[in-house]
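After this come two complexes, each holding chain A, first together with chain B and then together with chain C.
For the complex of A and B:
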């Protein structure tokens, strides 16, 4: 039986999905759903009937792009049929620079050197006394560092009248405080590190802490010097303390006796402006002054 | 400058965290802003481009004294304030009529900028056809032979892709491909300068074709803009290089010993260990049987025994 006629008739019913007349093959970047048609546009046609030409050109290229997209491997999803896209080939600039690695804490550095690997601990642990699971730490935690023991043996040499529960609580509090201090120190060092050496930070290494200390010291010294001058007499009548900091690198400066006349004039005019008022504008806010006098 | 915000509650903290630099970036937000003077053509174009970019877009409804090519401080401020990195500035003056300036930021500093002047524009609302839904992923078509030749074209193409490509995804719903942005570059002028570009947007209709692939029909959606290029400000090479860096995590992992040849066939190299010819199984024949153990040393007689056993089975 000859079915070619039937097939031909069936084909006639539909428009074709093939596109002809592309001398240079169209390039695709399917990751961005883009097609780049490098064929020159038909100038005459573009001038004559622009919109029809643009639409037919776009249709042809869209057809080619969709032919490619529909040939990609697909998966079925809740959202219908999804085409798996390759990674885009056209690179586009980022919005922000790459994230910097966090500077290591002292513990992290130590653990790395010693080869200590972090292990995940379960949040809930089985409590044998009550027979149920309880959080390892925090609210309603299992025996909180021995503070929930029902009986504590008096340690050798300890005063039997001392409250051992209190002692344990104190010890715990102290540990927490110490850890908080360490945390603070890590934060400070990280802050200094971000200022100090960009190269070392980018590598994720800790910067030289001697540098960090020196930086902190300098900052403190300058603050102390400022406070010394912050008295009513600008530090003049304060008693000198032995071994106290002396301001370094500050020298009195004198203007040269012979200088450019215009500079001298400008300097003097500047002072005059401040006293008399620039270009005749009022130095005093009249409205405020009136208000002040009225109040009196 | 903006004051630095210290988060006082979890919500602000989350927002600030989201704004930090990260390996996989957020979708870039675009700000559409009017200059001190605009024309109706520019207003329409801005509104339409805003509609296409929604929901990752911010429309500034008030006019701003803004001249991107003279002073970028405004853009930097807006960028920081809104965490946006794309801008379209619409202006209109006698010297540069109906102008759109597309600008891109990197790290809240201006990266590059291109100016186009609208010669002819039809807004979306004047084309009475069905529109695509908001926030759909567009397809892009760049037609013409000049797209790789001139810095104007290269930048405009990159800019458009950057504006509208949205999130880089690894899969896309075929039913969700609703519209296509088609940009056709007209021929260069007689002096070799960039000519007109024609931006058209069409909605896509998938028709039955009798085969597995669908027949595509396009219906104009708008906006339709005929533009010429104006001024351009290219990125500084070092900043550009920094902005194009790909994080190590996102780089495709190199597959060892697998390559492709010119025909696109995959070629793999397999490393086998050294082959032990003593253990190789060849055709079993009585004449080829190992007899060394019996003749030379008595220590490995059990091995010989095993060989004999297997022969007996056959």
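For the complex of A and C:
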């Protein structure tokens, strides 16, 4: 039985799988199931009947993409035949901006200037007394800065009755405290530097630490002034302390030169009433009145 | 140029009230035109609204004077009256002193008024009261502050000071450049 006629008829119902007329070959990124057609759009065709032209264009490109996909190696599964997509080649732009570099601590800056490089040390160290590995520092450390020595020589000139273990513990604590302070200072400087950064970013200046200190000082001064005024009388009746901070940069406020003069007049009258009332200027001159009554 | 602050107005009025008392009202509330007090370079000017509005178009550095100068604020915040305000305070004065012709010249040269020169005094003038000094022909010559009350003056010798000199019209010549 010759079915070629039937097949031919069936085939006629569909469009051709081959696409022609692409001057620049279409690029594919099969990992993303994407095809990029660089060919210019035929403007005359586009203006004539837009929808039809765009539809045919996208159909052709989709056909090309499917042709590529069908050339990929496949695997068969219970769910059917599946193509193995390669890894995507197109680089997508980063969603978020790059993280800003951390502000340098004072030590990092110093080390950079001196060319000191940080060398990695292992965390675990072999402890000969117990015969096992122990952390160099921290919880269950090998020898916590000499506090775990089983014997300590009394240093020359020291009181033999003093507890040397206690002294070492104290020294360690002090070191920790000092480091904590340095850490705090670094944090403050970093905070100020980032603030300065935002200010100086347009000027292209580098924030320096003198600036940072000045800024910190300014901040503290303003805070002190606020606390000084935080009394029931808003600082009006507080005793002034010699050498105390004076508020700087606070501008006096005056009434505008041209205002409603009737209002100004009313204000002046109010003040006048207070003054004249205070001076005890009475309507009747008492001495004169007494004299007048005596004469009668 | 700006309006006086509340504190400034208070010190200014306190000084002015020593001479004219409640009559300051007549300066503030005039029938003919609206007048106001304006401060310019520590000086207080009594100026009509129309002139004041025109003066706003003059720069602060260029503006030398406007209206009538009533006096100036010292650096310590006190107020010192100038003789230029004499016309206004003479008009509303409560207490006056008239001096004899032989006492006019000493007063106009900036001296205090002694008892011998006094021709007439307002009755019942208290001590330390601001008074206007007139010549016997009723020409205001200046102003001062009484050293004694009227009743106490009677017991004094003729050379005793009765009125302390504050300002006199001789200053128009002596302090020509700083007065206005």
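FYI, the second predicted complex is superposed on the first by the 160 of 296 C-alpha atoms of A that agree within 3 Å, B and C clash if a C-alpha of one lies under 4 Å from a C-alpha of the other, contacts with A are read in each partner's own complex, and residues count from 1 in each chain.
In the analysis below, a residue touches a chain if its C-beta (ideal position, glycine included) is under 8 Å from a C-beta of that chain, and two chains touch if they have at least 3 such contacts.
Note that the coordinates shown come from a computational prediction; the quantities given were computed from them, not determined experimentally.
Of the two partner chains, chain C is the only one that A:255 touches; chain B does not reach it.
In the superposed pair of complexes, A:225 makes contact with neither chain B nor chain C.
Of the two partner chains placed around the shared chain by superposition, chain C is the only one that A:269 touches, whereas chain B remains out of contact.
Of the two partner chains, chain B is the only one touched by A:58; chain C is not.
When the shared chain is aligned, chain C comes close enough to touch A:287, but chain B does not. Once chain A of one complex is fitted onto chain A of the other, the partner contacts of A:125 are absent, as it touches neither chain B nor chain C. Partner contacting the larger number of chain A residues, of chain B and chain C: B. When the two structures are aligned on the shared chain, A:94 is found in touch with chain B, with no touch to chain C.
Within chain A, no residue touches chain B in one complex and chain C in the other. Interface of chain A with chain C (complex): residues 254-259, 261-262, 264-265, 267-269, 271-272, 274-276, 279, 281, 285, 287-288. The touching residues of chain B, counted against chain A in their complex, run 20-23, 25-26, 28, 85, 104-107, 111, 137-145, 147-148, 158, 161-162, 165, 168-177, 180, 182, 184-187, 198, 200, 202, 204, 206-218, 220, 224, 235, 240, 242-247, 252. Only residues 10-11, 13-17, 31-41, 43, 46, 50-51, 54-55, 57-59, 61-63, 65-67, 69-71, 74-75, 77, 79-85, 87-88, 90-100 of chain A touch chain B when the two sit together in their complex. For chain C in complex with chain A, the residues that touch the partner chain are 1-3, 5-6, 9-10, 13-14, 17, 21-22, 24-25, 28-29, 34, 36-38, 49, 52-53, 56, 123-124.
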